[in-house]
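Worksheet for the structure shown next.
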């Protein structure tokens, strides 16, 4: 992709554009759209760490999203703890949970692992639906606090939310960047490529699967906390649904699993499509936009399983040859 | 108040429903055991079967009992079509693609049904099979009774087919070792298509039977699919007998736990069984590996 | 003290005794060949030593330390690397990355791993394929990469499982040169081979297995004249006819 200097110039231009975006687009909807794009891109990057790099297909990541959302919200509502601290607490709990479920789950192969992750997330959802102290099915409505950074609540404008979401995305990108170049990344890819071969080269497979899952859980959890502060209402249906596990996975696949920019590209394509089809087709509760979703998932997985980045690389190779 | 009648009623209902779960599970097991691909659209196939039966009744006044063969054939064709259009292309694809493709199919079918048929719950009124028989203080629904008998019969037929006929042996051989089977002249492509067709046909039978007494709506398949996955895992990968028995066991667990605990916990319990099985005894009760 | 010492190693698979109380020693700096007819238990022995699966009985000592029962990644950390009979390269990764995975065994730093990997790349003659995806290599180069990845882990003992199978004459000669180079660099080699023209010239000692048991252990030129060995490979008929003249 050209020299390093070119790459930094493009990144710089991109950063400037995104920083200026809320100043140009001052209406709520464009800002909301971009916030959603950033949020899903971050979720996609998080899923990518365990699913794309390490090759362990988890379809239960909504578990960590929900843990993040509920932890920060409950800490806020019961103990008046700042959501930022709550965010970190949620992240820590998610890491802890990932260690507990990782231990038995990592012994499972392929499909069994995927279904187990779905099972765990569903059990969590049912639990939350019945846990009265945490709001049960009614959910939790966050208290309206004075607008401030510490409270992580803003009422007069979406712009601060925009910049925070952008910040989280940058954080996840930096983490992915670091993973990609480090021993972790190489070991993850080896585990994905051939587990026994990886082991025979000295890799403690289970330990590295844990690392991947813990990192992935942490970033997913942070997104959950952010979401709670953004929407100011959470319930088991909104933060523990199966689709929330599938969409980041789909985004990463569309853009290119196991790559740094894949989930970001995927989000920039999929989320606008999804938002616009929901507005123009999905209204009326018929879920027509989901028909398109389903079709898109089929087409991507059958024809372009390596995503857009995979396609671009293949085309480049043909040019070079 | 838990009287012995209520307990027996629950157990019996669980047993009858379990037979249906069993057939649904067998359909999944056929495909999973044959080519190690999980059909995440399994529930939606069942839903299509139920709707086929429903529209047969609404539009052509065809009783579900009579349209059963028709449902079976329609689903068989859907299964074969799914194989040739989607599955064949992803046999060599990365694992993620395999999971997502049938998942996407499921979502596509579910929301297409919702769009075309609306999310409303439908029922078939007064089919041939309706009413109850009474045994002591326990009422047995005739549709459920017939349904479970037909499911058992189907299971026996499938068992015979797979273990006693040449085509059945070919299926078994293909699932054991694709290449060795092809060296013996077995066309694995046709075997896979047959497997998908038969797996879907099981759902055709189950769906037609259920349309007699169950609500018919686009999301109906989801829960049955979940139970099917658990049943196949519990019964053991690749074992039809295992899936059948497991289906019945799960029917029992679901109904009894619904009675003893809160109904909303039913599915969480079923999932818990799945986790316990794969963590403690990964090969299931009758498993191959 | 021997570098690798295998004592009475036994491996059962259900009713099948794949390895039957095998004793084996490899001294530092040697190249030891392990031969025997198909099904003799050579790969099984490798797998037990390398921790791919646990042995049913017996012990394995490496540098005097008991490593019986350790998992394959632990064994690799101790200094034993192995290749697989059917190559297991990471086909979606470039050749350099494949080797780097091995190199990370001795370092946490990506820069160090890359440096070491480039050295190994050069050493094994794969420099020209540095950025090619491993899946696109020829069989000969895949086998070479298989050796390179294992070599990059910085082993004291390298176990090669049929690294020359399926190669033509030129490729085989190149592979033999590589093995010699590896020994010269200070790594001890234990290799399983079927190709006699390869094993005999380069091995210091040859160990012969048949039906899970060790039937001979000697210098190459004496092993080929050993009656038991001939019988194992060619059967009684030939043995008897040899005796005749």
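All chains are identified by letter, namely A, B and C, in their written order; residue positions are counted from 1 within each chain.
FYI, a contact is a pair of C-beta atoms (placed from the backbone, for glycine too) under 8 Å apart; a residue touches a chain by one contact, two chains touch by 3 or more.
The shown structure was predicted, so the numbers you read here are calculated from the model rather than taken from an experiment.
> Please identify which chain has its centre, taken as the mean of its CA atoms, farthest from the centre of chain C.
When every chain centre is compared against chain C, the largest gap points to B.
> Could you tell me which chain's Cα centre is nearest to the average position of every protein Cα atom shown?
Central chain: A.
> On a C-alpha centroid basis, what's the spacing between chain A and chain C, in Å?
Centre separation, chain A to chain C: 44 Å.
> Just how far, in Å, is the C-alpha centre of chain B from the one of chain A?
Their C-alpha centroids are separated by 33 Å.
> Taking the mean of the CA coordinates per chain, how far is chain B from chain C in Å?
Here chain B and chain C have centroids separated by 49 Å.
> Show which residues of chain A lie in contact with chain B when the two form their complex.
Checking each residue of chain A against chain B gives 51, 55, 57, 59, 104, 107-108, 110-112, 114-116, 119-120, 122-123, 126-127, 129-130, 246, 249-250, 253, 257, 285-288, 290-291, 293-298, 300-303, 305-306.
> Name, in rising order, each residue of chain A that touches chain C in their complex.
181-183, 186-187, 189-190, 193-194, 196-205
> Where on chain C is chain A touching in the complex?
Residues 50, 52, 71-73, 76-77, 81-82, 84, 88-93, 97, 100-102, 104-105, 107-110, 113, 149-150, 153.
> Considering the complex alone, what residue numbers of chain B touch chain A?
32, 36, 38, 86, 89-90, 93-101, 103-112, 114-115, 118-119, 226, 229, 233, 262, 264-265, 267-268, 271-272, 274-275, 278-279, 282
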